[in-house]
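Note that the chains take the letters A, B, C, D, E and F in the order they are written out, and that residue 1 is the start of every chain.
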Amino acid sequence: MKKIEAIIRVTQFEAVRDALAAIGVQFFTLKEVRGYGLQKGQRLMYRGANHGADFIARLQMDIVAESGMVEGIVKAIESAGKTGKIGDGKIFVFDIETAIRIRTGERNEEAV
Amino acid sequence: MKKIEAIIRVTQFEAVRDALAAIGVQFFTLKEVRGYGLQKGQRLMYRGANHGADFIARLQMDIVAESGMVEGIVKAIESAGKTGKIGDGKIFVFDIETAIRIRTGERNEEAV
Amino acid sequence: MKKIEAIIRVTQFEAVRDALAAIGVQFFTLKEVRGYGLQKGQRLMYRGANHGADFIARLQMDIVAESGMVEGIVKAIESAGKTGKIGDGKIFVFDIETAIRIRTGERNEEAV
Amino acid sequence: MQTNEALDAAMQSQFMTNNLWILIAAALVFIMHLGFATLEAGFVQRKNVLNILFKNSMIIAIGLLTYCLCGFNLMYPGFAEDSSGFFAFAGFGLSHTTEAYSAADGTYTYWSDFIFQAMFAATGATIVSGAVAERIKLVPFLLFATLFVAISYPITGAWKWGGGWLDAMGFYDFAGSTIVHSVGGWAALAGIILLGPRAGKYTDQGIKPIPGHSMPLAAIGVFLLWFGWFGFNGGSVLSADPELVSLVFTTTSLAAAAGAVGAFFTSYFMFRSYDLSMVLNGILGGLVGITAGADIMSPTDSIIIGLIAGILIPLAVTMFDKLKLDDPVGATSVHLVCGIWGTLAVAIFGDCDGCGSFVAQITGILAIGAFTFLFAFIVFYIIKATMGLRVDEEEEARGLDIGEHGMSAYNQF
Amino acid sequence: MQTNEALDAAMQSQFMTNNLWILIAAALVFIMHLGFATLEAGFVQRKNVLNILFKNSMIIAIGLLTYCLCGFNLMYPGFAEDSSGFFAFAGFGLSHTTEAYSAADGTYTYWSDFIFQAMFAATGATIVSGAVAERIKLVPFLLFATLFVAISYPITGAWKWGGGWLDAMGFYDFAGSTIVHSVGGWAALAGIILLGPRAGKYTDQGIKPIPGHSMPLAAIGVFLLWFGWFGFNGGSVLSADPELVSLVFTTTSLAAAAGAVGAFFTSYFMFRSYDLSMVLNGILGGLVGITAGADIMSPTDSIIIGLIAGILIPLAVTMFDKLKLDDPVGATSVHLVCGIWGTLAVAIFGDCDGCGSFVAQITGILAIGAFTFLFAFIVFYIIKATMGLRVDEEEEARGLDIGEHGMSAYNQF
Amino acid sequence: MQTNEALDAAMQSQFMTNNLWILIAAALVFIMHLGFATLEAGFVQRKNVLNILFKNSMIIAIGLLTYCLCGFNLMYPGFAEDSSGFFAFAGFGLSHTTEAYSAADGTYTYWSDFIFQAMFAATGATIVSGAVAERIKLVPFLLFATLFVAISYPITGAWKWGGGWLDAMGFYDFAGSTIVHSVGGWAALAGIILLGPRAGKYTDQGIKPIPGHSMPLAAIGVFLLWFGWFGFNGGSVLSADPELVSLVFTTTSLAAAAGAVGAFFTSYFMFRSYDLSMVLNGILGGLVGITAGADIMSPTDSIIIGLIAGILIPLAVTMFDKLKLDDPVGATSVHLVCGIWGTLAVAIFGDCDGCGSFVAQITGILAIGAFTFLFAFIVFYIIKATMGLRVDEEEEARGLDIGEHGMSAYNQF
């Protein structure tokens, strides 16, 4: 069991979601996050003073999947989430110990 | 040290919180997330067009605890978070390397 | 590769961000979360009834870094995030399996 | 002859001014509906905001149309002189069509009379909508609102303003502390009794407050209501009489101000908190309180009346909560309690001859209250037994915006 | 002699009242600009809110200044009698400076005339701003708005209100269903054709709705527009004539109410949903529909006109969506479709002598529509070819608030 | 005899119209308090919104009650003729009780006079509340506001409007650029000097902007203020004089429009940004600027005055920031700087005989400014020394809504 955290552009969300659906992944959790990274936020002004918005809004997708599916999921996110310009985001893969479906109590492979 | 991520129904939050408190867990971090899964969101309409809200609002609880407590915590969440209908959510357990309390610098067991 | 999750006071964010920048860490993901813990929220009133706001608003910083940098990052957060009063928050360190930069496909060390 | 021309021109000019004021007052009463809509929207939870806006948008539409269809002729049926004046109906639709009005006919035209009165009609239903918010089903509520503004409000209104039996016995209610505000409050009370409290409000560990989602919206609502009240009370003079209208502006504003101060201190002493929702309700309490006697009070009287209304607000809110009568916006405290208080205050402070005696005021309060409460209770009861009144638990938890409308009030957050 | 004094005083008094009403009506029309600003802000996405507020704040400023500079004298150039009255210009700036007006000169002063008319002028551009929202560049839009209110609106306005050729042929448009509202709608149509739809609105899988970010803002907007419409229609009587102004208040309100009901039922039958955005548009549709004949309709007529306008709203919204003409706020449905309907309704329901015949009404609709659409299309086209009209994809995705202004409408969330 | 009857009726009719306008103007000035409340709420951070709404709700209540108690009689004490007219007090409470007013007594009743003036009184304190927002303690602020509107504002007001020494020397301030707006600005300046800037605003790396939490609220505020200004300036004619009131409507609107344009271009040239907050402040600057001479300016004059006021806004905001005088809503730029400018503009553009000379205007600005600044500084200083003026660091960081009220302005997000 692995957990994939993908931090993607807001504008690529629908492409990534569809790419995931195409390989059978329909379950994930989405979070609105602020990204600090190479792509600086827009220059912001308010009442004559600059405030470098050093972050930009991003989406984080958490996907839990069997280890065997990780490679495919990563590929799907990579191709659908990529624009080639700075700021495309990151994918992180974690090991997961147990996954439980609250409704049924099923564990691990059955739970995701 | 383990980290438990529970993705639950918004409506079960208070029950889960109280069930956790009953077994002595009062520390956790809560996030508002969007769940994509078996339970589809409500059919939404706006100006005559459907837009399948394919997600529903959910809460994610992050609980860090000693390994020995994990089983009890999972049980508590399972029983308090369950309605039996599709959409009850998931619990994921992760291994944690180090936990530090910023205020005191205490590590691991002492920190949570 | 490690992932550091730091749950800090809203008011310490800028200090922590600057402390991290000082040791060369400019990439992270920020989340607005609600903390349940020792520091209880303010006593709240509305129309004559108390409602213990049992949580307070907090920020969670997710930083992925090479294992070698973890110690320095934790130190920076600890010193900049500390006020000494209850409620300073926690740092958790996780092991990460793979990190991928979506833009380039670079993996792990090159990706962060 | 030329003299007559001049006098006619002068009287016509007075007629124009009087009539213009009634129309402007009607526009100001109209904006109170926006005040109610934003106040109620601010005081409900985020998930029920669109629903309350929907109801308030439909209520004003229903109110105007039913008042045109039958309400106006139920409320002003032209009771025969010396009749008991309990019920009469002058027929469907509006009767005036062609000839122009002039100074000789009074201070305003038929249309001005209609539109000013019509703007009042929907107020009662709007008051109810706030009290039963966050749990009542949409269509049943709209059905109730239609019957209430089409039938109940005009009938009790006719007893006094239509020249009926309460008017004959000297009941005094200048602009409607009882006839408009309590009436809404009684119907609200019937609704919240039959509906029960919102889920999770009254728990074993005590009262769990459910804070309104937006205080700016609530504050906008209260200021707009105060603004509209210049038309509500000022227009009820039914002419632009300089002395009376300006006195009414003064008493109305001073009572509102005193209501704020009364609620400020009382809620601080009771709860040790500076609670904006109480101060906002206090302003409204002061306004409702002065409404019955705004034209006959001195500044000092109006300050006292407003102050007491403001003091009543936190007490009433606490009382209704003790009784587990759940009213998200405080409509019963504001409109029912302060409406009764204002009507009684006429007997205490007013000194117009042969009117506003304690007996007359109490009779009016009880008769109108009893009729309205029963009407509302029965209608709500029948609806409950047939269509159902309350959304199911799951819908209440998820919110009525998604449940009833499939939409959210706020998007892209 | 004394008699004359009395008559003069009486006439002066009438003049004062008439004039005062025009001024109050001007203030009410002004508040419609806040209504448009909040309505449009509520119906756009969160990321484009500041941009729309910025445009609407500038439009009223531009409208007043250009109307002062040239619009007023283009719209009321004083056509020679019996002239065809197509185009004339009375010179730059305002001409009145010193002598006071009195009863002898009409019902209001030069300044009242100017300010009441000037408040109307910017309305057209405001209607456009909603339809082209979320994708048009700021400065090109402001340029268009300036040319539109300075030149196009006054020229077509002159044809009727300035006493031009349409007036001569009996075209009837009391307060501007065509002259103000359709005109805005035609320009909006030109804009959305040249701009294209917002990214992602029309997809292979069908129409993807892009819900407005705040229904409370939208509702505030619609109630304020209704409130302002008392001045828009009521002030168009151009005096405080009691019979007429009160009739206009009545027909205006009944049509708005019927519009809400029409849109309620139609959108329920079409989509099985209780869609607040449709009911709000329905109210506006009713208001636009009654505007051409608000002074000559009976209550029943005005209810029918409003009801049909309300029914047209969901149909028109669906039609424009089918045509892939993307209008985030429904401006074309409300102002263009219901504006045409209201102008035609004069020929159907109205019975003023020798005016408002089908021929005259259709001629007016077509002539003004053609001129306005062409003017707007050409100006937008030239701007598109030179400065560019549409923000780039990335900016559209990120939102115009950050893209055009470097600011967000909401902070610290 | 009959002739007299006609003349009396005509004069009574004029009296009715004049009086009605003062009352409607009072209602419009009232709505400015909602304008201030929403503007200030929009420009502060999300965590301090409820606090600012609370203050503004209490200020209007306090203003009306203290004006009734003593303010009115301090401001219009009836100075003996040829007295220096510096200070007098006509006693507590309102003096008028029974006899009706009629045309013979002027253009409006005692009550109209009171309520119109009373609505002005709280304005000064409202201006202060915005400038000291996000860091001042609640109860100390309310104490200051009470003393300020009860004592300081009426005393300086009496110098001119009460017929005091500044009036005698020809100082001209039609509707209060100095008497109302600068006065609020001076007190605001005293407050922000003693309070210091918000934490984190002025850092080593320069000025860190703290954006307002809601631009829609701010825009609603500015449009409502403009709307209310029709009553503020228009009502200050103190009659419904057609020529004057309509001129005032025109000059007021043109100055506001020009203020928007002035701020638009200046802020673009200074900062290369289209800053809505600057345009909104520019509109207000134009309104404040025209206020002193709205009845004596031509359209061209008023456009120039408004344009310069709009240009001054970004300059003043930048200047105050350079001086580290932190004003979250720009109250000092709008009300103090443009208030001074507008008062001076009377000497430049105005040409009323023997009034508004440079000497008189500058004397008025300095005398009223000095008195008000000192009064405010001393009161704030004493409060600071005794009760403390500023919330502690932790409360400021967490926000005053939770800190002072235990509530949030927005819930369930």
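To be clear about the criterion, a residue touches a chain if its C-beta (ideal position, glycine included) is under 8 Å from a C-beta of that chain, and two chains touch if they have at least 3 such contacts.
Small disclaimer: the values here were computed from a predicted structure and weren't measured.
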Minimum number of chain-to-chain contact steps, chain C to chain E: 2
Shared chain contacts [chain A and chain C, defined touch]: B, F
Pair of chains joined by more contacts [C-beta pairs], A-F or C-F: A-F
Separation of mean Cα positions, chain C and chain B [Å, integer]: 18
Centre-to-centre distance between chain D and chain B (centres being mean Cα positions), rounded to whole Å: 46
Geometric centre distance via CA averages, chain F-chain E, whole Å: 32
Between chain D and chain A, distance of the C-alpha-averaged centres to the nearest whole Å: 52
In chain E, residues with contacts to at least two other chains: 3, 6-7, 9-10, 13, 17, 20, 24, 211, 214, 220, 273, 275, 277, 405-408, 413
Interface hub residues of chain A, defined as touching at least two other chains: 31, 44-46, 94-95
Pairs of chains satisfying the touch condition: A-B, A-C, A-E, A-F, B-C, B-D, B-E, C-D, C-F, D-E, D-F, E-F
Interfacial residue positions of chain A with respect to chain B in the complex: 3, 17, 26-31, 62, 64, 94-103, 105, 111-112
Partner chain A, residues of chain E touching it in the complex: 200, 394, 397-398, 402-403, 405-408
Touch list for chain D against partner chain F, complex: 3, 6-7, 9-11, 13-14, 17-18, 20-21, 24, 28, 45-47, 211-216, 219-220, 222-224, 226-227, 230, 234, 240-243, 245-247, 249-250, 253-254, 256-261, 264, 273-277, 279-280, 283, 298-300, 303, 413
Chain C residues within the chain F interface of the complex: 10-11, 14, 42-46
Interface residues, chain A side, partner chain C - complex: 2, 6-8, 31, 33-38, 55, 58, 60, 74, 77-78, 81-95
